[in-house]
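My questions all concern the structure below.
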């Protein structure tokens, strides 16, 4: 998993029907965990807010570990870091 | 997932039979989400047009989340971004 | 998927028994789709020739989408691009 | 797998319920195995301590190989290297 | 898959019980197939020796294609290249 900061959300009206109801957030990985220009779009399953530091699971874990096995999701917010500032 | 711009399509006449009927699009990730030279070929499942900004799912999500579990697909367009220009 | 040019083949006499009969090709991704030094070895399922531009599926798609679910394959040539020169 | 050094732990109180009880460690890959800025968060299954060099499995192996098939985990500490200093 | 040179082995006494009996090798990808600092730890299933050039399968292929579906393995040596020197 990586830690990133939630920057905002994305809206997609025309989309795969398996994604209806999903909330898409733009997450910027903290500098120690990624190269430049590596923001991702992650589905939020736990109600993260803009500016919060979150734990993001990538790959099949984002689907299977979040009870969304049949959705086209490859990144999911799975936790909010208690003291995210220390990872900046 | 990442956001990218649809640049055009690719034609492959000789291909794996599981891919017959698939539409292959060239997608260029937006700058904040990728390093240079990282265009990909994604299967379009929702009718995206050239120039549109789309949401692309990568890895097994592109197959399983799009009801194409037995096709050799590792990238799929799964949504069209309403205001893609803001992610340029 | 990515598009690459077939550079040649690789021979491995001592190998995993699940790979007996597989044809290994060296593929160089086109410049717009990869960083430098990112050639891969892909199994050819459709009879691609040296110099041809091909579509390569990566990850589990290379196994499951090609009816080779139990083989240790993570990259497969799944199509030959009709006009590969335009992607150079 | 890659080898990395355990730097510390991360606490997430609000998280996916499938992660309750998981211990999250920050791991820095050794220099020969990663580019700069590629720390990851890995779940610890074997009691690794801060400063130890560990073997980290990535992707679906982190879930399935650790009997955590339904948890949103994409990286797991699966071994402690006997002589980790030699990989610095 | 990628081609790499076997540099040596790694010993881990305290490890996930699913890994007991696995042999861990350090593999350095050949220059044309990887960026700098991208050595990996791969499980050897075919008796590769130090200095040999080998074919490495990554991701789920390393588990499923090698009859080790329930082990936390994300890289496996699956072949020895007959003329590895030509890929240096």
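Lettered A, B, C, D and E in written order, each chain numbered from 1.
Definition applied: a residue touches a chain if its C-beta (ideal position, glycine included) is under 8 Å from a C-beta of that chain, and two chains touch if they have at least 3 such contacts.
Remember, predicted model here, so these are calculated numbers, not experimental data.
If you take subunit B and subunit D together, the chains in touch with both are A. Minimum number of contact steps separating subunit C from subunit D: 2. If each chain is reduced to the centroid of its CA atoms, subunit B and subunit C end up 19 Å from each other. A straight line joining the Cα centres of subunit A and subunit E is 31 Å long. Listed for subunit C are residues 35, 59-60, 62, each touching two or more other chains. Circular chain order, beginning with subunit A and continuing to subunit B, reads A, B, C, E, D (contacts as defined at the top).
Taken in their complex, subunit C has these residues touching subunit B: 1-3, 31-35, 45-47, 55, 57-62, 64-66, 76, 78-83, 87. Subunit E contributes residues 10-16, 18-19, 24, 26, 35-42, 59-60, 62-63, 69-75 to its touches with subunit D in the complex.
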